[in-house]
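A, B, C, D, E and F label the chains in the order they appear, each numbered from 1.
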Amino acid sequence: MVKLADLDWKTYESRVANGEAVILLPIGAIEQHGPHMSMNPDVLIPEAISCSVAEQLVNALVAHPISYGYKSQVKSGGGNFFPGTTCIDGKTLIDMIRDVVVAYARHGNRKFVLVNGHYENSMFIVEGIDLALERLRHDGIDANVMLLSYWDYVNQDTIEQVFPDGFTGWDVEHGGVLETSLMLHLHPELVNMDKVIDQAPATFPPYDIFPSDRGWVPSHGTLSSARKATAESGKLLMDVCVKGISSSIQMQFSD
Amino acid sequence: MVKLADLDWKTYESRVANGEAVILLPIGAIEQHGPHMSMNPDVLIPEAISCSVAEQLVNALVAHPISYGYKSQVKSGGGNFFPGTTCIDGKTLIDMIRDVVVAYARHGNRKFVLVNGHYENSMFIVEGIDLALERLRHDGIDANVMLLSYWDYVNQDTIEQVFPDGFTGWDVEHGGVLETSLMLHLHPELVNMDKVIDQAPATFPPYDIFPSDRGWVPSHGTLSSARKATAESGKLLMDVCVKGISSSIQMQFSD
Amino acid sequence: MVKLADLDWKTYESRVANGEAVILLPIGAIEQHGPHMSMNPDVLIPEAISCSVAEQLVNALVAHPISYGYKSQVKSGGGNFFPGTTCIDGKTLIDMIRDVVVAYARHGNRKFVLVNGHYENSMFIVEGIDLALERLRHDGIDANVMLLSYWDYVNQDTIEQVFPDGFTGWDVEHGGVLETSLMLHLHPELVNMDKVIDQAPATFPPYDIFPSDRGWVPSHGTLSSARKATAESGKLLMDVCVKGISSSIQMQFSD
Amino acid sequence: MVKLADLDWKTYESRVANGEAVILLPIGAIEQHGPHMSMNPDVLIPEAISCSVAEQLVNALVAHPISYGYKSQVKSGGGNFFPGTTCIDGKTLIDMIRDVVVAYARHGNRKFVLVNGHYENSMFIVEGIDLALERLRHDGIDANVMLLSYWDYVNQDTIEQVFPDGFTGWDVEHGGVLETSLMLHLHPELVNMDKVIDQAPATFPPYDIFPSDRGWVPSHGTLSSARKATAESGKLLMDVCVKGISSSIQMQFSD
Amino acid sequence: MVKLADLDWKTYESRVANGEAVILLPIGAIEQHGPHMSMNPDVLIPEAISCSVAEQLVNALVAHPISYGYKSQVKSGGGNFFPGTTCIDGKTLIDMIRDVVVAYARHGNRKFVLVNGHYENSMFIVEGIDLALERLRHDGIDANVMLLSYWDYVNQDTIEQVFPDGFTGWDVEHGGVLETSLMLHLHPELVNMDKVIDQAPATFPPYDIFPSDRGWVPSHGTLSSARKATAESGKLLMDVCVKGISSSIQMQFSD
Amino acid sequence: MVKLADLDWKTYESRVANGEAVILLPIGAIEQHGPHMSMNPDVLIPEAISCSVAEQLVNALVAHPISYGYKSQVKSGGGNFFPGTTCIDGKTLIDMIRDVVVAYARHGNRKFVLVNGHYENSMFIVEGIDLALERLRHDGIDANVMLLSYWDYVNQDTIEQVFPDGFTGWDVEHGGVLETSLMLHLHPELVNMDKVIDQAPATFPPYDIFPSDRGWVPSHGTLSSARKATAESGKLLMDVCVKGISSSIQMQFSD
């Protein structure tokens, strides 16, 4: 049992009592991921990875995820105009991260790992952490926070296995082979490979335009084809992320 | 399939296309509920109720819950100092409600039902709705939002069945018979009746004090005894809430 | 002389010098209370109660009231759409409470009693207090704040005297016997009993709807009849509140 | 009866029905004004002037004052460190002004006069008005707001009568002849001329320093002597302000 | 080399190492100044004065200016409706001041001089400083901040030299002799005296009106005539400001 | 003359009258860039590029830069703890972008190009634009905003010329060959090649840690060696950026 909200508070208290527990906090988004997949991979994948990581560690717990994320951008998530893409303001995300980190730290926790599953969240999480640490510092509390996006743990070997025909870059991996494979491995009931649209990777000019130009984005919402996604690739990706993240945490937090 | 985040966006789009779909949004909290139960009943119960309600209706979907809620208060939730009780600032909750309602409305939805599972959230949800409606109105969008707390649908008959020895009031039902019964019905694996502390209902002076006085609260965190909670009572409570809420929605939204 | 703003600052300084003075802060609203009464009872009543309480105590002062309150709700105040009902955003009220408590604490005061006269204010006051205490704590100041709504001090005996035909609950007491009696006792010039509309208490469904449905509220704005209000009942109510609140303060603050 | 909060809402509604009523909103502060005077002149004076002005006009009402103001500055109010000086953050005042103007405009009012009694408030009121007008404009409402500080209506003639020995400028008039005379005229019970400290006007360098240097301010808190204040001067000052303001409003709003 | 952003960080570090360096921070606005002058005098003048002052002092550096300022007001800057007048919200300016002062203080600086060049900025700067000092204090840092507007250093002698025909007051000096002379001295290439509109000083009623009435302001945007502006007067003004400010700093900060 | 703040407002008005002018807004940061270079390259480079681009276009102007940027991150800018690195909160930057874009749009401008020179700014600029467009939309104004970071216009050919020994990626280009070459070309007086520290590019783990670990960053602050920087490379880089950006604008805005 690694999901902390599934514990009763006395059990939780005993697990975190010495301040040595590692709290993993998954952060995602509700966002379209093409016609072949549900809209919650950015929540489900980091939560699943966090749980597997927690099981590798001596004393780690997974916090309830922060599920609504920053506004989807055209080049990384298709854009904030698709039905189902449900995003929040930057300031709201900053405050949510700040408050949640502060609250877990007030329970005595000092070691945090924020596991991001939605590219657009990153800088707002950074700011939320910075404000949380300031607020805690003013209460005399020093906490340490690791921040990572799980895909940064996919190494060259895995890329070559998962993309045998060549990798076109993380930029266009929205709803593509990476996320679809992981979802096939973790939640096959939420993927329908028959609905995958096969397409060349989207290409974009070197700038962004606001309001978004919907003509820039394939109308079905993914930025590359998920046709070659498999549950096996999903397992490979899962394994490399879990292993890498566990190792980083052990190194950083001596867990 | 009523959880909208489990749908792909094309299916979601077709479900909400005419603006007639009812979007149910569960809003909860991560908060201790005594030594005998997990810390997520305020999320799981309104989500389960929302799903059952959605199944009764012609065209309704359940949005991903808003899971972190306003600071637990001594007299209603035991207080914000228990390990595991993980709460956010009032302004953050206001903004989160505002942003999420606005986002779903921008998909074309006009009928919302916010299903609250955490007493302390209520007024911040009210303000979030008010700000959302203003923001939408400035974009020329008129939406309608119902707000309810599920326990307000428990009628006198059910109270008498569930509390045969007399009902001491909702105030002290934190971690008591109501929530425990519902959890036994919905998620028995998250309840351990052996750990229930039997006690007389907590009593409080007519004022509040800040910083909280921990001496006011039973040290185990619940405000009344859950000893008489049963899955059967949970089913009764579930049924009366689902039936009442469904009926309110049908009346209000002609669904 | 218990209103602190009526004192010159040297006198005030000498009264609060040791940090032992109790500062009572009335918090109200400008809100319609039916065709028979002025729109300021939510300010005038808690201020009058605070003054009487202060006179009972060894060392207490009444701060200038915070007069604009949170948005009137249909079921408790008739709703925010009546001409004359003049309400502020939740975040503004939170900040106002925070700033005013911080300011009085910086004068050396450590004992606060916030006396609320407008139901809808409560949770925003709670958050304002929480933020004030954090801000003060970061400056090394520990203050204690009691929060109460005066009607919570009306006991069963008084209810039976004031409502001899049966009490229909605080919910519908907006502009009804409670507030009208208190105003008849305190400010008879602001009440015109000839304009009282006699009516059965308003009833509401178990949910709220936004934007408000004006059809839910009696068109004259009160939620129950004030016909049986009398100055004598007002005195009874006043006395029981003043006595109870004084006693709570003495117990809590050893004043 | 010109104080709108003293009216019942039906009477108020009939007074403001056509959008032609002028709403005067006094804005002040709770701030020390020397050892000889209470701490509320910045509220009481603009409220009294507003009431007198309203009586001169065809259709005008005085709103309940906004009583807590921006932080007292050394050169204009003695500074924010005197016991009793009770001030709020700039953003809080901005929001309060915005919300209150918006609320009165939603009743149908379109003509506002904000009567300021505390120098330090001015720019925050300006911003509050600007944000209110934007918010209203987005709702399709065009309102007009006059802003004035009452002392700007004291003309040369009156200055010569009130300060026969020469006028040292508004800068140092904090707790001096102007305010003390007005209070002697309006609220003699809140002034004790025996406690006036006679002193030369304070002088300051051309810069400000933060945190404030208390050594810059006379220890009793006023910036000039009130010794020559009289109720007669107060009446003169009152008259010239009321006449001038009434005339400005009539010209601007054709009232 | 006194502009700190022109230094490399190692040089900067050595200059500020002991916390004794004076950091001058110019704060201005982008605002129309009539048809004869560029729109940046409120930035360029305080920056030039700051640089000259820094050269007089033992150890002083000039920070990169804060260039966008608070909304231009009709009576002091012509108003916020002229093309080219580009202003920001009050809260944004408050936050910008707060953040920049905090950042420089975190480098070890403790002595700040904020040199304002835009009248409307003043109170928002005051609030920004107050919030900065609170934030720093919570981190255990005590800093001292001087705030000045450069024109407050123009003494009577200089006024008589620069305005031989009589001085009509700072109020109407927007785009007039003062600023134009300084710009002729500092940046003659940004002034075209042929385009000066000769006019009597603008006069205004004792109140403000919002939305602004453009008819109150001369259509060319200045409030008085710059015809008598000369580079010589500019040098005189520059000298008196630099000398006075340097002297204030030396006195206040023993530099 | 392409810097709009150098124009008088009548000239500016005539340039932007038809809403067809392109407004380029440089956005940077004050941040250490190693011991060999000043701390303002992130401001100076995008401003210089903007000016050159404006000269290529039919009708374009360069706004006064926004000079203070978001907090420097370890992996992209060395981190927010170096003396001289002077950064602002995320919310402040969001608001600043929003306000400045809104202000220029109120002058009648509808075509904006935001030219970013500081990697960490990007997502906060995105949010600022989004809020600006919403605010403008509520006033009935539709504007279009391009956002770009200039280095995204450096193509493969130029990379090969500038980095003949191989390119190690933009990540570590902080204070390296790219920025140093551009500064040597634009502001050679602000670079001292004798102080360049020659080093291998910094390498980092796949996660971030907060508070920052200074041991991760070379103590002199750059992330790669600038030894091979030349003014010639700077000219090449400048040319490719100016040409590419001009072309993008012409395509997008038909200028």
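Everything that follows uses one rule, which is that a residue touches a chain if its C-beta (ideal position, glycine included) is under 8 Å from a C-beta of that chain, and two chains touch if they have at least 3 such contacts.
Chain-to-protein mapping (UniProt): A, B, C, D, E, F = Creatinine amidohydrolase.
Everything numeric in this text was worked out from a predicted model, so none of it was measured.
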Angle (degrees, nearest 5) of the CA superposition of chain C (Creatinine amidohydrolase) onto chain E (Creatinine amidohydrolase): 120
Result of counting contacting C-beta pairs for B-F and A-F, higher pair: A-F
Centre distance in Å when chain A (Creatinine amidohydrolase) and chain E (Creatinine amidohydrolase) are each reduced to the mean of their C-alpha atoms: 47
Centroid distance [mean C-alpha coordinates] between chain C (Creatinine amidohydrolase) and chain B (Creatinine amidohydrolase), Å: 28
Interface hub residues of chain B (Creatinine amidohydrolase), defined as touching at least two other chains: 89, 91, 138
Touch-based graph of the chains, sorted into line, ring, star, complete or other: other
Chains that touch, pairwise: A-B, A-C, A-E, A-F, B-C, B-D, B-F, C-D, C-E, D-E, D-F, E-F
Touching residues (chain side chain C (Creatinine amidohydrolase), partner chain D (Creatinine amidohydrolase)) in the complex: 4-10, 12-13, 16, 30, 32-40, 43, 63-68, 82-89, 91-92, 95-96, 98-100, 103-104, 107-108, 190, 192, 195, 220-221
Residue numbers on chain F (Creatinine amidohydrolase) that touch chain B (Creatinine amidohydrolase), as the complex places them: 134, 137-138
Residue ranges of chain E (Creatinine amidohydrolase) in contact with chain A (Creatinine amidohydrolase) within the complex: 138-139
Chain D (Creatinine amidohydrolase) partner contacts - residues on chain E (Creatinine amidohydrolase) that touch it in the complex: 70-71, 73, 89-91, 94, 120, 122-124, 126-127, 129-131, 133, 144-148, 152-153, 205-211, 244-245, 248, 252
